[in-house]
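Both complexes shown next keep chain A, but they swap its partner, so chain B is in the first and chain C is in the second.
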Partner chain A sequence: MTELQAGQSAQPLEVPRIDARPQRYRDLLIALVAFVLLALLPMLFGSKQLLDFVIRCAAYGLFATSLNLLVGYTGLISFGHGMFFGLGAYGFGLMMQKTGVPIPVAFVATLAMTLVVAVVIGAICVRLKEIYFAFVTLAFQMLIHSTILSWQSLTGGDQGLRGGIPRPPFLGIDLANHLHLYITSCALLVIGLFLMRQIAQSPFGYTLRMIRDNATRASFIGINVWRAKLVIFVLAALFAATGGMIMALFVSGAYPEFAYWTISGEGIFINMLGGVTTFLGPMVGTVLLLILNDTVTRLTEYHGIVLGVVILFFAIGLRKGLMDFVVEWFAQRRGEGRG
Partner chain B sequence: MILVDLDALASCLASPSCLVTQTTSGLIIGMLLFLVAVGLTLIFGVLKVVNFSHGAFYMFGAYFAMTAYQLTGSFALAILSGAAGTAILGLIFERVFMSRVYGRDVLMQLLVCYAFVLIFDDVVRMIWGPEFKSMGMPAAFQVPPLFIAGGVVPPYYLLLIGVALAAAAVLGLGLARSRIGKVIRAAAHNPGMVSALGINTGLIYGGVFALGGMLAGLAGALAAPVRSLTPGMGFSVLIESFIVTVIGGMGSILGALIGALLIGLIRSFGSLGFPLFTEGLMYLFMVIVLVSRPTGLFGKEVA
Partner chain C sequence: MKRTRKPGISRRSTLALMGAGAVTFAAPWVARAQAKSIKIGMPTILSGRVAQLGTSSRNAVMLEVEKVNAAGGLAGRQIEMVIRDSKGQPQEAARIARELVNTDGCEMLLDGEASSGSFAVHEVARDLGVLCIHTCSEASSLTADPKQHIPNAFRCVRQGIHDSIVGAGYAAGIAKAKGLKKWATCSPDYAYGRDTTGEFVLYLKKFAPDVEIISESWPKLFQPDYTEVVTKILQAKPQALYSCLWGGDLTSYIDQANIYAMFTQMEVFAVNMADYTALTVVKNLPKGIHSGDRYIKTFPPTPENAAWGDAYKAKYNEYPTNWSWQNATAVMFLNEAVKKANSTDGKKVAEVLAGLTIKCPFGADGTVTMRADDHTLVGYAIGWGTTIPQEPYVPDVKAGDWKAIFELEAEWKKSKGYT
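Take a look at the complex of A and B:
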């Protein structure tokens, strides 16, 4: 295709508004309202099960949304994103068990460790083409999983980190208290989502979309594609690790399953389920998958079959995620109304 | 706990008997991996999809062989049913499901395969149960091992290596020389032109997928007497054979052979020198290859 032909067939691009501030205030408002609503939830429904569910949604939701930064926004299909979820859980758990530092210190130190690991792995992976990228990230995931299994003296091997994670109170926040843990998880979720939204809406976020749509053109106009991909790979890893830390706090331990490839597979599936074209699609997908998982495990021991059939329904039947579907449906209706 | 045991490795390299034993065990790991990986690389080369559920065919091959062996007591029939069963399974899987996602997002292809990894594992769990199974060594091979330079070599290993090498030769020659091989290579290169010349590309795609599935099933059937059978057994093989194709270069049969042998030898000698880091060595090797040659040792630059 020549340059001229490409120009003719190209769709007009939606250019982001130059003044992004009103958008940011709106996001901030939404985030605050969401946090207040979540914080009020325990007063309305005292059920521990519901709060547990929300905490799990926070852990998986952060993980899945961060994966969408790679899959949906940059077109990097990582099949090993779960390794950072596992790293976060193990890093945080070990730090608390071995050193006894205050929780925020362990939190920051785990993020720093994840950063280093993600830079090294990312630097190797992001230069590869899509299918190679998917499988090499998967291979790294398996490497970390097998390291956790074989390094028994540190990680407890296949038994996982046992004996509980100590949770000393800090500034009046006592994470051993269920309600405090709930509020903290919600806060981390909302802050994480807000930050990721800002990344997605920033000029850098639009650079990523451009790389996804046409990496060659992006590099022609002077964008360092390799560096942009590496930066988003590392940023996404940090949010995934945060999700892992919430999970470690919730179960008061860490298990090799957190670093197994199925976590990555589930993350991809969540993105598919909710849809990758909207920012909150993965969040919707998380809630759907967790509900699905909980009901299916209660009904049958063969939940792989049920889950597989649901995946097939979305991948072959619907061909898009639920939120993609809803958004398109609304757009269509609006179009009809105008016509 | 010992992480690195270079003395053990050095003393093994110095003794011929240990060298022979480790090399044969490396060779059989490599040969099984080759059979799985070559199917993967063939399917990728022609259909341009990565069959993420390829490990399931290996698993089904092993279970089919075990059942056939228990029913008939014939080892030849067991191998045959392992290979034939997975070939049919591959054909159905490709025609009914995979053919719907060609040319679509890689994400969709991975998801369809992911769904089938979940489904196939559960199907095996339903039919054969979740516990470890073993087929047992067929009576014909329950003979004393051979001693080569003092090293122990079970006769079954020789059969396994022989069958795998024969498969490699037939495949390589068939693709290079026969008419069908030429058509397959043409379809890999330009499917539109091939179908314009009046050749049914759908049939070729189905056939290649069945062939790939059959090779994985053959590997599973050959592995059944020497490995334990579990519902998740396909996945680690899939990861390793993917490493093999990455090292050798996607789409290259020679690359798959060399890559598989290298991985097999790394595994068998690595388990002496680095008992806790054997898998890590494999990944390390892959990373080194990828960094120096991103398309693999024998891969061609894909346009």
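Take a look at the complex of A and C:
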């Protein structure tokens, strides 16, 4: 029997489709509860430092979680993801300073600009694997960083975008008001995390896991690996740019350091700290790193040593991120309980 | 053995009660004592490649704060400095500045940040309205650009444009005397390097129209190897070289250029040479490098300046830096402004600070002024001289003329569209 005949005689395989809606509703409910809790924080605690902390968590959290879509879900270890954080900050800041358009327009236009840049850079990078991919992304990041430094008439060079970012009110929201900025940052964080969760749990998300585990097998069953990698590269860039925009609003400026390799390094560190096998690992890593940074910087100027010891503890001691460790520990306990 | 417990209040309870009572009664006095002190926050760079400058800023501030506190404090309130490391990251500088004001209760800020960090702290000052004195950023646009102007921020720092005007005047004199027409430049490839070099060349050509730039080199900031830059300059065979490399970059450059005997083949003008951090680190400091004064205790040649430099050395076992005198001057300004305002209220102090002239060891004529229209420091000692390999390193510094600086600075501001 030829393959053609075999194909004709075979019955179409009935694959039971799992209804994803209940899980989506559960995620939506969790997102809503998280947003309400975050929105209530200023009423419960009057600390402005806490609000600053959450705003920074929103910026870095979106950035680190988007990096995990590449690192944890697709197996693409990007050393240059920080370029999109910087692009978001500069794109938004320049748009607000030079054009005076309403904030939502600048937000969407910055995402559109990031999309174009990410498609171009991604199309080149995702053809490569492993260390080659990592280093080409790093090279592009340094290119963008150098451009920011050199294009002084537009970007202000090493001094950054000066004079503050104008924040005209829109739809009753005044981002010059710290509370409004806080609530908006929380909303962007929750929406961003919810969307990334949906991407990770979608069939496309499972395709990415398959590419991570065995790209050759994925391509043999008909998946266009290059296209899938490019799509997730671009999507991750958009969320990283959103993080950059939050940071630009927080500091009312944009600086070359936002597009420097150290930002990408921090993203990798956050992922190591929180863990890459759970969706919320990078978010937990962000909170941990910022708490560590803020407290250690207050206590000693030898913070580098302390953070280095923490990295060693996670890399050599636990050999996994905190959330990975916690999830495994729970699974083990559950197994023991059943046994 | 049977344990017995006596009826009544135990010894522990009595001690606890006494402790609680003491805390209750002492609380108002403790609170009053705390309210009496005034917290001043200072984000600066205490780690990384410029940590030495940040540390020297902190040292200078503490030296002056101790004097002010010994004399009764600011309007009777003892100064409590809260100094934190920003690691040279603008987002950290902004976060720390906000934390210092919002959480630590700092009523004023001394901004010990350079470059982008100072602009980030400036935005925090704009947002929170807190009195802020920038003490390290030399970027002229921080105060020259009217878009940056806010009533509560001041800059107590030398400026690139002032250095360029004085340096070009000094260099033009030597160029004319020695017939130096072919010049090369070698400066770091970022805004400070390009701006300062551009301004120097502009004024050099204005004062000595025969001058021609035959070679330009722009090494990267923190570049470790300067071989290609040195050989490029040597091949161009200029008669003079201008550089605004600084810190470790400058010392590495000189050490590497020494191998090629560069300093015997041309006159070298390095604006940032005369700073102890560079002078004491270079292995074989060549004789005859022309440099602007950063900080040396022999310029201005006054007993007050020498005494200040010696006091710093005695306390910290090293010489002060350019950032040191600027930070010390900021504390002197605050002290005088609070005295005049008879208040530590930021707004009142800011009103007095604008246009305030104080006695200062680092003044060209023994005084320095916080210029009212752009809130920036003027009248500080500024000059150029040539190096020798041992102390006092730059024995004869030729002072710049502030009248000429003001005239040319006004023209420069106009050309930039600032006025």
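In the analysis below, the second predicted complex is superposed on the first by the 321 of 339 C-alpha atoms of A that agree within 3 Å, B and C clash if a C-alpha of one lies under 4 Å from a C-alpha of the other, contacts with A are read in each partner's own complex, and residues count from 1 in each chain.
The definition used in the following text is that a contact is a pair of C-beta atoms (placed from the backbone, for glycine too) under 8 Å apart; a residue touches a chain by one contact, two chains touch by 3 or more.
This is a predicted model, so every value here is computed, not measured.
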* To do: With everything superposed onto chain A, say whether chain B and chain C fit together or clash.
  => clash
* Asked: Which partner does A:Ile131 reach: the first (chain B), the second (chain C), both, or neither?
  -> first
* To do: Give one of first, second, both or neither to describe whether A:Ile316 is in contact with chain B, with chain C, with both, or with none.
  => first
* To do: Pick one for A:Phe258: touches chain B only (first), chain C only (second), both, or neither.
  => second
* Could you look at A:Gly308 and tell me whether it touches chain B, chain C, both or neither (first, second, both, neither)? => first
* May I ask you to decide whether A:Gln152 touches chain B, chain C, both, or neither, giving the answer as first, second, both or neither? => both
* chain A residues touched by each partner, larger count belonging to chain B or chain C -> B
* Asked: Across the two complexes, what residues of chain A are contacted by chain B and by chain C?
  -> 150, 152, 303-304
* Touching residues on chain B, where the partner in the complex is chain A -> 1, 44, 50, 97, 100-101, 106-108, 110-112, 114-119, 121-123, 125-126, 235, 239, 242-243, 246, 250, 276-277, 279-280, 283, 286-287, 290-291, 294, 302
* Asked: Can you list the residues on chain A that touch chain B in the complex?
  -> 71, 77, 79, 124, 127-132, 134-136, 138-140, 142-143, 146-147, 150-153, 261, 265, 268-269, 272, 302-305, 307-309, 311-312, 314-316, 319
* In the complex with chain A, residue positions of chain C that touch it -> 46-47, 84-85, 87, 89-92, 94-96, 98-99, 102-103, 115-116, 119-120, 122-123, 126-127, 139, 141, 145, 147-148, 189-192, 194
* Please name which positions on chain A make contact with chain C in the complex. => 47-49, 52, 56, 149-150, 152, 156-160, 162-164, 247, 250-253, 255-258, 262, 294, 297-298, 301, 303-304
